[in-house]
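Below you'll find the structure I mean.
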Amino acid sequence: MRPLHTLKNAPYAQSDAQLPTQPTEPEDMSTPNNSSSFPVVIINTGGTFNKIYQPLTGLLTVANDERTIEDLLHSAAPNLDLHLIGVVHKDSLDMTQDDRTSICETIRNLSPSLNAAPIIIIHGTDTMHETALFLDKAELNRVIIMTGAMRPAQIDPIEAALHLGMTLGFAAATPHPGIYIAMHGRVLPYNQYRKNRTIGIFQTK
Amino acid sequence: MRPLHTLKNAPYAQSDAQLPTQPTEPEDMSTPNNSSSFPVVIINTGGTFNKIYQPLTGLLTVANDERTIEDLLHSAAPNLDLHLIGVVHKDSLDMTQDDRTSICETIRNLSPSLNAAPIIIIHGTDTMHETALFLDKAELNRVIIMTGAMRPAQIDPIEAALHLGMTLGFAAATPHPGIYIAMHGRVLPYNQYRKNRTIGIFQTK
Amino acid sequence: MRPLHTLKNAPYAQSDAQLPTQPTEPEDMSTPNNSSSFPVVIINTGGTFNKIYQPLTGLLTVANDERTIEDLLHSAAPNLDLHLIGVVHKDSLDMTQDDRTSICETIRNLSPSLNAAPIIIIHGTDTMHETALFLDKAELNRVIIMTGAMRPAQIDPIEAALHLGMTLGFAAATPHPGIYIAMHGRVLPYNQYRKNRTIGIFQTK
Amino acid sequence: MRPLHTLKNAPYAQSDAQLPTQPTEPEDMSTPNNSSSFPVVIINTGGTFNKIYQPLTGLLTVANDERTIEDLLHSAAPNLDLHLIGVVHKDSLDMTQDDRTSICETIRNLSPSLNAAPIIIIHGTDTMHETALFLDKAELNRVIIMTGAMRPAQIDPIEAALHLGMTLGFAAATPHPGIYIAMHGRVLPYNQYRKNRTIGIFQTK
């Protein structure tokens, strides 16, 4: 994969003034964000998506950085006002309630200039639903789109890029605040979409 | 890339009955399509996205099939009710008005069961805007999301998968009918987003 | 990786007659095998080289087939008279003396028409030396070239292809019978080349 | 592909003293080079092997650097005393006699400490034979192994890595001085192995 060595973020002051914070059309359909910049927050928590092979141990471990996400966004970077934040770097089976609290605090502490920015969370698939439930109870009133991968991006960059692209495309449609899961071709409210562990595919309930 | 050998499409009769054809919420934000199946039409017209290296001639030529798109959708296929249609397979600089008429006719002739399905068009980037204008004038009253790539998927599967994922994510948000372009991190109405040929990046106008 | 769907092996009767079984030049330098076909035996025993990610369990396991080797040989297949034999499919730490006996028996039982063919063994790196020692004691009087990889070919096809290419190139030079290790840029008699486990690189002693 | 950012070459004085310059065994079989370091000269002349996609023009052009070769050697670098020299960077159909003279001069001007080092030449496949003939007439009395690829390494790293590996493996066997071609699974004297342009495969004559 081609590495993104720099992800330069433009200053926020001007762009925020143009965000469509007050939608007014009378239909339940989206109008794309058409401001000159597109602020996006990506919170990395690790998961299979970020696993890297360790040749000395023979193990796949969650990378302790945001490199995988940067690599996948190389073609999108010029148009994103990207705020990429690593909160934890864990297999989702090791995620604790403290980790989930950290994710919430990270969201609450975002700059006010990012109030209208969609939030994408990269997360392991096994406990994605638990974290979604936790975030839902926190009543953050934000657009939160969770994604992950069944195969490490290092092994299958196509699945990871497709899923990350789905989060950007959904975010671009100015969805209602809520907690969504973008996996395996669909984006749905988290409580309508669950991982079927027998086949390793997210399905509608 | 891992090939998708089969893309089985479920019959449409039942699923269509569940499509949210009558949105009723009073806000200009999207509600995701939460029907049990997600019908999507993908119209392939070729472009750099689909170019394949020909070792005997040393040329990159547009493949005369839909294989690249199938490969990129391997993780999404289980949840998509995919209608993948090859209309032309051309470099977009070779696209004629007849070709654009063929795309229109293909859309008009879709099964009535697909009336609410979003339409994704894979297209070369150089004349994406011309085709969008043509489709706009045809007043199709459909959600049409155009995408492509600056590098062949065979060379850079990440860009192609990210862009294709953006179309699926945007489509999942039940956008207003219109002609959109999904490229380089953003999805915008086609008349707000143009290719800057000097740098090879789509930009807001 | 592009799959090799068929590896057609030509019959052996004619080609064997042309093998340079009686080298006569008075120097300790090699003359390449220039017969019209190039018979090569590849014995697969598994190892990291052949590991495949299992999305349901999150584990990398040794594939129970020869698919990885076939994929890596796609450009070489037209010129090889390839005899690809899976003996065991194991992490090399799980290899037993019984497994090593199986490898020896496989070699002893090769068709007499393959008497002059080089034998390439794909093997895990951790016990490559133990198997080499076992084969040496068996006094097989064959050209045996062992290779493997520090990263699964599925993750790093370049390392695996480079190593496999080294075995073919060394074999093409009609080396003396002996047990060789082809890893990390060099091909040496097994007792002169050892894995340094601290850095994961084979080194001269 | 993972880039090799540094290729540190050790000094040559000590290692050369250990090179097996006086082979003495009475058989026409090779003894591997078992000195503590393995000096290798790689001369890059470009060709399809080194072609890179240019997104602004849509063309594949020969890169004006040695980056592709460095990337492919990442696993071998720790054990190679690598002298990587770019002489020209051309499609082989554009290669002139002046270019071939430059290759000869580069070889004649190598440091005397590299007198016993094998020379690998990366070259386009269409005129590989012409350059081999030119080098043969120059009576360089060196081991010269030419290779290339039918597909750019950027598109098919497996073919390129396999071919480059074949050159290293053949070189490791201390072959007779001569001009060899390593392509498509075999390494043979250049006058016994020719590209069949109808099928794009090198074949014995």
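Chains: A, B, C and D, in written order; residue numbering restarts at 1 for each.
Here is the rule we use: a contact is a pair of C-beta atoms (placed from the backbone, for glycine too) under 8 Å apart; a residue touches a chain by one contact, two chains touch by 3 or more.
Since the model is a prediction, treat every value here as computed from it, not as a measurement.
Separation of subunit B from subunit D in touch steps, taking the shortest path, is 1.
At the interface between subunit C and subunit D, two copies of one sequence, more than half of the residue numbers in use are shared by both copies. On superposing C-alpha atoms, the copy subunit A sits rotated by 180° relative to subunit C, to the nearest 5. Separating the centre of subunit A from that of subunit D, both taken as means of CA atoms, is a distance of 45 Å. Centre-to-centre separation between subunit A and subunit B, using Cα means, comes to 23 Å. In subunit B, the residues that touch at least two other chains are 150, 156, 199. Every pair of chains meeting the contact definition is listed here: A-B, A-C, B-D, C-D. Across the complex, subunit D is touched by residues 1-2, 23-36, 38, 71-80, 149-150, 156-159, 161-176, 180, 182, 184-189, 192, 199, 201-204 of subunit C. Subunit B meets subunit D in the complex at residues 48, 53, 55-56, 58, 60, 150-152, 154-156, 197, 199-200.
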